[in-house]
Every structure is written in C-alpha cells, then in structure tokens.
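I have a structure here, written as structure tokens, and I will follow up with some questions on it.
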C-alpha cells in the first residue's frame, strides 16, 4: 500500500545494486573491465560482485582497453548483454576506435542487420586533484557521435535505474559516472526501479531562469538555485540526464517559460555540449529569449593539479549565480 | 616558464671519511644513499598525504628503489628518460632538485612542473626527464619518437623508458617494441615488473608471464633481472645501455621487483596475500645492499643512522620550503596551454 | 506494559510524528490531535506506530481511547 | 568591394581617393581597385560625408566587403515613418532621435546577390557589429547586410531581447520609447511590459512551479543533507516568499469565481467503517482518500476545469494529476501532485497520499510532483473549519476545497435526520469557465460520494 521505505544509500552502492539486479535478471549480462573483480572496481563500484557471480560473469581484463571494449561489442553481436567498465574517460580514448568505428557504426554499415546491445560505463570529471590525465569531461565528444546513446546519471535514482533501461536498449549506450558523485549519499526507495533514459528532468521548478546541468554539475546548479532564491530569483533546474539524443522538448519548454538560460557543463566551452544546447535554444526558442544564453564551462586548460587552480578551472556555484544574475539583470 | 630552483648538488657522497674508502665502498654507499632518499621521501609523502598536505593520486615506489637507482647508474647526463606515474624514484635519482620535487607534490609554482602536474606528472627539461605519464603504456611511443629524433639528428643518446607489467597488455607496448626494433632505435625498455597491474596479478592478465620472452619475440636482446638487487640491476643496465649506445638497437630489461605498499596511496589490498608481501619484504633492496656492505666491511655501525639523519634533514628542509613556496596565482590558470608567441 | 511505559511509548511516537512539538509538556488530558495539530494521516501514522511498538492490534473503534495521553496510556496498558 | 566583372571574386584596394570627413557626391571616383585584370576606378553611388574607411589600401578582400561607410547627408525628419521594424535609437537613452540612414559603398553588390551568410559575417566583423545583437529582417529572420549596416550605422545599435521585440510587436509598443534596464541599456521583456499602455502583469504566462523553493534536490556530493537542520528558518522564509508571490499573482491575474455545496457523507463513512474493520492497520483509509478520488473523477468528467490557462487560452490536461495542498509543520505549504489520480483505486490513492504527505513533510518530493498538478485540492477538514474557499494555483484553473465533516440535521424525502455532511467548494478561473461548469463539477462530485464503493 504505502511505497517501500527509503533506504540510505550512496551513488556507488546504487550502481552496484543496479549491476547486481541486472546480473540476476538476465544471465546474458556480464561485467568486464580492469580490476572490476578482485579489486572491486577502481572506484569500488563492483565490490563483492565477483564473490556473488563468479569470474565468468565478473571478468577482470588486462589493461587492454581497445581489446576488451571491442570484445564487448563482439559479445553483444553474439547475443550477450555485456556491461563494460572503463576506469576513466581519459582511458576510454584507447578504445575510441572501437567505440566510434565499430559500436556506433555497425548497425548502419550492415544495413540494419547487426545491432550492438552494449553498455559501457566510465568515470568522468574532475574535482579530485588527479590532474591532467584523469580528470576530463569528454562525454560531450561522445555525444557528438550518432549511433550512441549517452547517459549522465546525476541522482541516486538514475544511478540505480539507468543501467537496466540501458541494457534493454538494442544499441550501444555509454553511461558517464562523475567521479565526485560516488560518495553522494541519500535515501533511495528500496523498490527503486528502472529509470527512463529518454527525457531530461526538472529537478527544481522555477520561473525566472533555467539552469541546465547534468552529471557532476547538477548539484552545483541546484546549490546555485538555492542562492538565487535567497536573492529573490526563482531558478528552474533542468537535469539533461540523456546527453544524446537531447530531450529538446523539456529544455525548450522550460526556457520558453523562464525566457533565460544558463548552461552548466564541465566540458571545455569550445565545441561543448553546452554549445550544442545553446544552439538549439537559439534555433528553436530565439523569440522567447529575454537575455543571451549564458554558459558556465570549464576553463580551456588541461586540468591542473593544485586545488585552487582546479577549483578555478571548474564551473562553480558562484559562477552559475553570477551568470544567472547577469541574465536576469 | 615557471621559476625553478637550481638543481641541488649532484648526488655524491659528501662525508669526509668516505674519501678514505675504496672506490667500490664509496659507490655502494652512494647507491644506498639514493635508495634511502627515495624510501624516506615516499614515507614522508604518506605522512603528508594523510595529513591532507598533498593530494590526488600518489603512487609509491617503496620496495622498487633498486630499479631506479641501478638503471640510473647506466645513464649519462644527456640521456632521455620517459617515466610513469610511479616516478618519484626515477626523478630523485635523476638529480631533479629535491626541493622542486617536494614543491610539485604541494602543487606550488616552484615545483618541477610548475605545480600543474603533481605526483603523477613530474617533468624536468634540464635533466631530459620527459615526465610521469599516467596513461598505462602512454610513454612508450614517446620514447620511440625521442630515440627516432636522436637517430635522425645523429645524437648518441639512450632513451630509457620505464613502464610496468600492466603496460605489456596494451597495444601500444607491442606496437612500440616492434617499431623500435624495426628501425633499430636506441631505446632501453625498462619494464618494472612488480607482478600487479593495480589489482590484477600478472598471471591473471597474461598468458606468457615471462616478459623478457615476449620482448625477445620482437627481435631485441632482453633479460630478466633481479630487481631487488641494486648491484644486479646496475650491472644489467650498464651492459644493455652500452649496447644501445653502441648502435645495437633497442634492449629490454625485465626488472622483477615488488611494491610493498598499495597501488596508489591506499587501496583495499584484496588482491594479494599479506604473507606474499612479507615474503618479498625479506628481500628489501635496502636491506640486501646493507647486508652486502656489512659483509664486505663497507658499513660502519653509525653509518646508517648518519645517513638517515642526513636524508631526514634534507627532507625536512624541502618540506619547509615547499610549504612556504607560493601558489600559482589564479590569473595564471590558462598559462601553458599554448606556447608563448615568439618575441 | 505498565502505565508509565505506555505513556513513554505514546510520547516517543508523537515525538517522531511531530518532531518540533514538546511532548513532555503535553497535559495528560489534552486532546492530542488538537494540541499537536495532527491531521487524519498523522493520526493514522500514530496509531500504526503505536500498534507496532506495543504489539497490539488497534481497531478503528478504539481510536477514541487514544484521544489523550491518559486514556491512551490506559488503553495500551491493557486497562 | 563592388563586382567589377562577372568573374571577379575579390579585389585589391590600390588607393583611396577620399578620407574620413570628406564630402562625396554620387558619381565621384573615390578609390582605385585592382582586379585580376586591371586597375579600375570605383565611383560612389551615394552623396554624403565619408564616415570611415573600412579597408586600408593594399588589402585584398572578397566581393561584397564593405570598403567604406558614407553617411548620407539627406536630412531625415525625426520620427520618420517607421520601417519594417522599429528603428534603432541612438543609445540607451529613450526616444533618441533616429540616426540618419547610412549606406555603404558596396551596396551595389548587395543588390545583385541574395543575402550571403559568410559575406554578412565578414561585413559584420569589418564593421565591428556583434551579429548576435542584430535583428534579421531577411527571409526566415535571416540577417541581411542591410541589417548589419544599419546596426553599424548608429553610434551603436540598440540592444533589444528577442522576447522584448516580439512582445513589443504584440503589444504595439514603440521600442524607441522604451527605456532599457538590461546590460548596456538592453531592452528586455519587462521594460516593454512597463511601457505597454495598460501594462499587463509582469509575470509571464507559462506553467510555474508550485510555490516551493525547495524542490527535491540531489544530495550534494559527499554530503547528505538531512532534512530539517539549521537551514530551516531560511527555507521557511523562502517558502513564504514563494507562496506570497504565487498567490499574489493568482489573485492579480485570475478572475476567480466560487461555488459551494453541502454533501451527505453518510454512505461514504459507512462504507469506510465497514472496510476498515476488516482491513489491516496499514491498509486503513481515511475519508480524505475518498474525497480526493471523487475530486479526481469529477475533474475527469468535467475536463474544462482540469488543465492550464496559458498564452491566453485554456489547455486541457491529458490526465488528472491531483495537487494536494500539504501544510508543513512550522508553517507554509506545498502542493505536490498525485499522478493520474483518477485511474488509481481508492485504496492505492490512499497509499500514495500517505507516502506523499510523509515525503512532503520530510522535504523529499520529486520535481515532477511539484510541477505537474492539473487541479488542486485543499482539505482543511482536519483543522476543524467548515469550509474553505481557496486561491487557484496558476496556471491551473480550479481549486477544490473540503471542510470538516460535521453532523447536521438533514432532510431526506421530507424526513429530518442527523447526517454527517461536508461543505465542498470550488474556486475557478472565470477566463476558462463559467459558473455553470463549476456547478456541474460540484454536482458530479456529490454524486460520486454517494457511491463510495465505486470510487
């Protein structure tokens, strides 16, 4: 009768629970990647799964990104439902050839004969002082590629719910988990289930300006909305959730209501996902705009190591607030 | 460029009595000093990391010191070095100023990489130290290219390229060994085989765990070496480096070693037995060398204590300096994205 | 369950339902619903939690007896 | 750069024969241009004063590039007939006299060719015009070179937001007369509304949120923020402000009308008592669940009251998302929605209601629940009042109120009895419906409550 009680959990545990559920529900599902087994995952996501499901289904791989991502594509072609974990988005570049030239293209090249029901998960983003080879937000690059579906869970519900829906998708889905979210804790209903992977979500309603964010920047956007509320500005926060294909309807409907938009994106500004969103707003809601669309992105610099420079390079709450205030005037 | 400290005095025994010792004893004392310096430096890193003074990923070399110290003996000041994210030891023995290394750990603008790199990305042009590369296998192509440039420009340098056993699984490893051998480039491949790619044991990632054999299949001379014995490492490295320098094409050393601590600063260590770690600690490279020196009568009772005192004082000074050093102003955030306009 | 235990149980449940209320200051004969501004859903939660804590089934016909701290304690104590 | 031959793509400006400030007449030779074939004299097609030379001698530029700007000296009366769009004013100050029209030398080329985007861009760059600020008058709103030239002509083109421009057209506001309050004097929608003859309310139409500043939020990374900590007073204050704004807007914008009714709750309460007797404790229902279900069904039966008033017309909602006013402990209220309430069995609706109220009070309502309500119910029966006549949540068009169930003398077929009765009320938006519709709604509601087993 009443819905199941909410249990306190973390983003990390929510993903693990999603993996566990998928492994239980469908014996075609298996997890493959570097140190996902004995080590329990570089970020501890798959801790305990090896013990529960055994080494056949929780497969440690050598450090051979191109090989094991490509093998995931092959296994998907062969009837399995692989979940491939890549430690970080920077390392995914070693497998970019397979992702771009195989996963994203096979269906089209084969005239619709071969689809690739593959899920690739990887960590993205900065904020942990791990410098210029472990910190970037390259999901915008992947969102450039037709044939892929790109997800960015920013909440516990999405961390828990997106994987299964992604596995049900007949085509390759990339899930970007922001490294700073793994420890995010909060309540999650015990019966939390699959999450839709087609739409953006309004995480907070508002009337004066739309803050558009995703993944690691959502929390910052919400914090910014708090600050703006104190200043009497009612900000609506849109969580993109699915970076490709973008849910234009939700984004545009919100901007048409508020007439102003700030896009928050941890990627670099030039050629960013924020640029794409901004362009769509210009194209489709130009005559509803009462101020230029603003973007809050990362500084155009490889991520520096020291805390103060990393902070300065990343979108911060104060930057979002400033941009929003400028737009509202 | 960022301000740099002048390199400290080149590694050399400085105590007066050493002058009276035979050359072999002086040499061993220097090897010992370098290993102890690495060990104490990293122990300090653990402390500073735990205290929240240094951050990010910090990969410790403790247990593997004999490799860096031994290989470095075979390298000339003009040789090039390409390293990994576990490179504190390589950087220290290369003679990069201690203060600038410590400042880099602190992310200070006086650090060897201007504070931008941190532990994983130590760079120093003056010693041709081409950096800590934190993408497994990512350094090998650079080493091949540096060697290619030397060859094309007629320089007789050796490029020493460090990487771990994990890199052997990457495509780049195979592509680079083949290319270096095909073009007979002057690369000394130094594979630090510590048996684990992060948490995955070599035997669980590779069919052929004898890595020297794999390298040999690319047509280059290759040896397995006891990486816990600094003298054995030195001997093998000298032999290989001379051959490379003499135009013998790339050589490969599989340096069998072991890290005593976690992959990064801390990790669950679920992937190996405590007993295994203890067993390897019985062959601690510092202990092996001191035992050898004692047996040879090269080590007096107070020597180790004196060495510790000396190294500790250096570190204490370096830490104090690093703490006091300035941070890069935020206005400088986007420096070094492009080279400055020629003036 | 003694009267004192019953009274403590009721107060602790009320404390959870109306966290900002000072249940210790609640007069024994005050109408709980009025004093703590409980609506019907709050009251349902209250009854349900009381039932769980005391292990007793509480029927709708018993609700009037839970109107005050005094009568409720007696009810729970089996009076 | 004029086209001086059919095959000419670009030209090199060899020499200027004029300088800024010079007076030139139509037909004067003003420059020498080298094409691939020969040096050709270029004449002016306009009479006026040379404002500036854009391209220096020696530079090679594509055809269509502006070479110089000449301010035409033909006097133009202030307040001249408006063009296809409001003429840009001289600057931030309102009602500045329009700048005299200015034409560039290269207009010949522009006449010959349709607007070419790269050219326009190039020209804008040459003239230092920010294209994002230029209003296009070409096909599909494309920016033409003329637009760019116009933009370059004034000291600086007036900044007007797209929405403001659209509103100005809709409201018949002359943008020249509007004072801009945005950055660099930009005219924004609010400025236009202020300037409109009978200024409509400032709030834009559209679907606003329920008056809750604190929608569900993802926990901040690394820290779970427990509900009800020290931020509470600020939150309560912010919530109060939000409610204030929304309710004020409702009363300002919405012409409310009200109808009320009294309904016999005897059958419903009897049915509930029977049902609860046999039910597990956790499955017991309160009368509010039946009232909500009945309201949801009534909203489905009378769809004119279920939806939004937006853009000056009513948009019916496809489903009934029943907003439930939940008062917060310590003041304030939020109105989360029970989605598709009309489709839920009453027992399930009861479960949802409990869940929703618990979560609402714990600050854990989902965003969609706060924005999706299509009609709202307020039930103040528990607070002991007999009836409540509410304020509509914009852009919804109706609000249903329930009072306390009280025993009253009640006549049925000529016989007097004591029955539990409830006052039902409806506040509705007169723009969307009339009293007749409201009355129909309350009658349907009353009928439904007589047949509780069907709810």
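So that you can tell them apart, the chains are marked A, B, C and D in the order they are listed, and the count of residues begins at 1 in each.
In this text, a residue touches a chain if its C-beta (ideal position, glycine included) is under 8 Å from a C-beta of that chain, and two chains touch if they have at least 3 such contacts.
All of these numbers come straight from a predicted model, not from anything done at the bench.
Chain centres here are Cα averages; for chain A and chain D they lie 29 Å apart. Each chain gets one centre point, the mean of its Cα atoms, and the points for chain A and chain B are 37 Å apart. Averaging C-alpha coordinates per chain places the centre of chain B 71 Å away from that of chain C.
Centre to centre, using the average C-alpha position, chain B and chain D are separated by 61 Å. For chain C, residues touching at least two other chains: there are none.
In terms of which chains touch, the assembly is arranged as an unbranched chain of neighbours. Under the contact rule stated at the top, the pairs of chains that touch are A-B, A-D, C-D. Looking at the complex, you find that chain C touches chain D at residues 18-20, 37-41, 44-45, 47-48, 51, 57-61. Listed in rising order, the residues of chain D touching chain C in the complex are 228, 273, 276-277, 281-282, 284, 286-288, 327, 329-330, 353-354, 357-358, 382-383. Within the complex, the chain B residues that touch chain A are 55-57, 106-108, 115-118, 120-121, 133-138, 166-167, 169-171, 197-200, 204-206, 267-268, 270-271, 327-328, 330, 333-334, 336-337. Chain A meets chain D in the complex at residues 1-3, 6, 8, 127, 154-156, 180-181, 183-187, 201-207, 216, 218-219, 222-223, 226, 229-230, 232, 234, 236-237, 256-259, 286-292, 326, 329.
Interface residues of chain A, counted against chain B in their complex, comprise 34-35, 38-40, 42, 44, 47, 60-67, 90-91, 94, 128-134, 299-302, 304-309, 312-313.
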